[in-house]
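Each of the next two complexes has chain A plus one more chain, namely chain B in the first and chain C in the second.
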Partner chain A sequence: MAAIELRAVSKRFGDVIALTDTSLSVADGEFVSILGPSGCGKSTLLFIVAGLEQASGGEVSCDGVPVTGPGRERNVVFQEYALFPWRDVVGNVTIGLEGHVAAGEVEQRARHFVSMVGLAGFEHHYPHQLSGGMKQRTALARALAMEPKVLLMDEPFAAVDAQTRESLQEELLRIWSANRMTVLFVTHSIEEAIYLSERVVVMKPGGVKKTVSVEETYPRGYAFRTSEVASSLRIELHELLR
Partner chain B sequence: MTRFALPVALLILLEISVDARFIPTPSVVATGAYELIRSGELWRHLALTLSRTLAGFAIASLVGIAAGLSLGYYRAARLYCMPTIEVFRAIPGVALLPLAVLWFGLGSSSQIPVIAFAATFPVLLNAMRGAEELPSILVRAGQVMELDSMSLFRHVLVPASVPFIFTGLRLSIVYALTSGVGAEIIAGTDGLGFLILDYQRTLVPEKMFATMILVAILGLGLSTVLRAAEGRLLSYRHPS
Partner chain C sequence: MKRLLLPIGLAILWEILARSPLGDPLYSPSLLQIGTALVALVTSGELVTHLGASAVRLLGGFTIALVTAVPIGLVLGSSSPMKRHLMPMLDLMRSFPSITLVPIAIVWFGIGDLAKGFLVAYACFWPMLLNTMTGVEETSPVLLRAARVMEVGDLALFRKILLPSALPSILTGVRISLAVSVIVLIVSEMVAATSGIGFLILDAERNYLTGKMFAGVLIMGVIGASLNALAQWTERYLLDYRAAA
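Right, the complex of A and B next:
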């Protein structure tokens, strides 16, 4: 059974059509990127899977269960981090655990995920004291701590500098390889989509244009970024996006 | 030091330039203040004004924060209630005093409701603004975690609105004090407002001025306490 299944999904905002007749199936544990220009509906698609937006038509299911609203098994990492500025790093992680994990374990589990994303030593820093990359690590720790089956990421590394982005990508793959949750990753960066994913779903305004597979095993080292395979994929995806 | 320059300059100017037949000079007012404090008659009135102000302010804060946050969060409630609130807001608190006296009798029992009424609106409007300005991304983050509406309120809406709420509280505490003093002037038999009127009637202008200045100092003190509380609550904004 597919971890995420969209069948003939459409979405309109008033008169604006964001998605028409869009279908997509993501296997359990798969890493899929959604690539497309701004305004093509890729974030809308992600938010529909998250249950934050309601589809105007079609069916969305997660593990065969129809999606009717947000759920902890489908967690989101937002481009804007969406951290709570009045809570420190650990506090931002514990908020998602309170009431769901035994009270005595909340703090310990939060700390575990904070160090997993490389923020050990910054537990008691507040968001305004962190760089963009560190904020996004915190947001990632918060999402991971809830142990979602599906991780939905909305251009999570778009706002950080190139070097930080590469190291965040590597860490994400490391964590994904260890946990093997399903990842749906929205991006407008061709390089990012190739480096991270097993499949790249190329969007055009309103729907899916084509799906391209990335035949490269994990772990993917730095060499893959500049490899022949990657550069021919880059050309192919570039053509598709024109 | 710069912030004391203007008040000191004003005092000096008053001291050397005023016609003592119309306004007592600062030094005379200072003597009046000293008399007021030494004789001990001041403290009872000060305590009454302060307790009324704080009681009215407490009610106003509770009502204003709860109503303001709800109105800010629920757009429909806002559309439904705001025109009515805008109309009530335009009524001066002290204009309700005659009615309050009929309902509750003279003294604190009618003054406190008037103070509460006047002080509710600033905190209500600011809390409402805070809830309106709540970044939708934080609500979405909360929804993704499946926070129930109580947790969303407690852990997202309230903390995000704290800066706005405090702006409102600082306005409200001064509204509370001025309405309280106003109510005491209109129909009081005690309190600082009554003292001001009483010294005017008995022709003791230096004590009248001294009491007015005391009201100002009281307002400043109350504001400062709130500012300090705000600073503590919002310490997460500053590097530690």
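Right, the complex of A and C next:
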């Protein structure tokens, strides 16, 4: 059974058509990127899977269960971090656990995931004291701490500098390889999609244009970024996005 | 120390003019006169009586406004249908300057603490209500989306997200309320009362006790400044995360 299944999904915002007849199937534990220009509906697609937006038509299900609203098993990492300014790093992670995990475990589990994303020593920093990369690490720790089956990421690394972006990508792959949750990753960066994912879903305005597989095993080292395989994929994807 | 130079200079200037042929003890009492009146107020116990009466009305009215305005503001701010229905009526009610309600308060509640407490509560209610609503409405939509994904419960949403998010705005409302409350209290105590600092000032004026009158005004100044300092301290304390560097 597919971890994520979209069948003939459409979405209208008033007169604007964001998605038409879009189908997509993501296997359990798969890492899939959604690549496309801005305004092609890729974030809308992600939010529909998250249950934050409702599809105007078609069917969406996760593990065979129809999606009717947001749920903790489908966690989202937002481009804008979505951190609570009045809570420190640990507090921003515990807020996702409070009331859902035994009270005695909350703090310990939060700290575990904070160090997993490389923020040990920054537990009591507030968001405004963190760099963009550290903010997104905090948001990632919060999502991971809820141990979702599906991790939905909406251009999470779009707002950080190139070097931070690469190290965040490596970190994400390391965590994904260890946990093997399903990841749906929205991006407009061709390089990012190639480096991270097993499959790249290329979108055109309103729907899926083509799906391209990345035949490269994990772990993927830095060498893969500049490899022959990666550059021919880059050309192929570039052509598709034209 | 430099900050004190100007007030001290003005006090000296006042004293020189008060003691010069231009001055008249009935209109411009010397600092000595005012000081003597102040000491008399303290030693006679008169000050404690009036200050106590004013404090009870101020704190009572303010507290009632705080514990009603903030929860109502949280609910209205997060529910646009409810807000749409109630806002026209609320806009009308907050348009009455509180002082125009003094006669109504007297008719309803007499000239005692209840009437003053009502007026103070009424005046404090609106700034805190509106600022709470604004604070809630300005909560970042991304944070609300994140809360939905985390399945934060309704009560937890108010307590853990809407309240802290609106807190800076609520505290602005508190500061405005405190300033307004002092004005409303003093006026209501001057119109009809037998105790309170407002009564003390007006009573002194009616008896040509100019020194005492000025002493009362000075006391009010100190109270106003103290309330403002208290509000600022509270803000710094509750919003300490902002200062973390």
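Just so we're on the same page, the second predicted complex is superposed on the first by the 242 of 242 C-alpha atoms of A that agree within 3 Å, B and C clash if a C-alpha of one lies under 4 Å from a C-alpha of the other, contacts with A are read in each partner's own complex, and residues count from 1 in each chain.
We take it that contacts are C-beta pairs under 8 Å (C-beta built on N, C-alpha and C of every residue); 3 or more make two chains touch, one makes a residue touch a chain.
Note that the coordinates shown come from a computational prediction; the quantities given were computed from them, not determined experimentally.
Engineer: Evaluate whether chain B and chain C can sit on chain A together after superposition, giving fit or clash.
Structural biologist: clash
Engineer: Going by the contact rule set out at the top, does A:126 touch chain B (first), chain C (second), both, or neither?
Structural biologist: In the superposition, A:126 touches chain B and chain C alike.
Engineer: Output check: A:78 vs chain B and chain C. Expected answer is one of first, second, both, neither. What do you get?
Structural biologist: In the superposed model, A:78 contacts both chain B and chain C.
Engineer: Please report the chain A residues shared by its interface with chain B and its interface with chain C.
Structural biologist: Looking at chain A, the two contact sets intersect at 50, 52, 69-72, 74-76, 78, 80, 82, 84-88, 95-96, 98-99, 126, 128-129, 146.
Engineer: Using the touch definition up top, name the residues of chain B that touch chain A in the complex.
Structural biologist: Where chain B meets chain A, its residues are 137-138, 140-141, 143-147, 151, 155-156, 159-160, 162, 236-237, 239.
Engineer: List the residues on chain A that touch chain C in their complex, please.
Structural biologist: Those in contact with chain C are residues 50, 52, 69-72, 74-76, 78, 80-82, 84-88, 95-96, 98-100, 125-126, 128-129, 142, 146.
Engineer: Please name which positions on chain C make contact with chain A in the complex.
Structural biologist: Within the complex, chain C touches chain A at residues 140, 142-143, 145-146, 148-153, 156, 160-161, 164-165, 167, 239, 241-242, 244-245.
Engineer: Under the touch definition given earlier, write down the residues of chain A that touch chain B in their complex.
Structural biologist: Per the stated touch rule, the residues are 50, 52, 69-72, 74-76, 78, 80, 82-88, 95-96, 98-99, 126, 128-129, 146.
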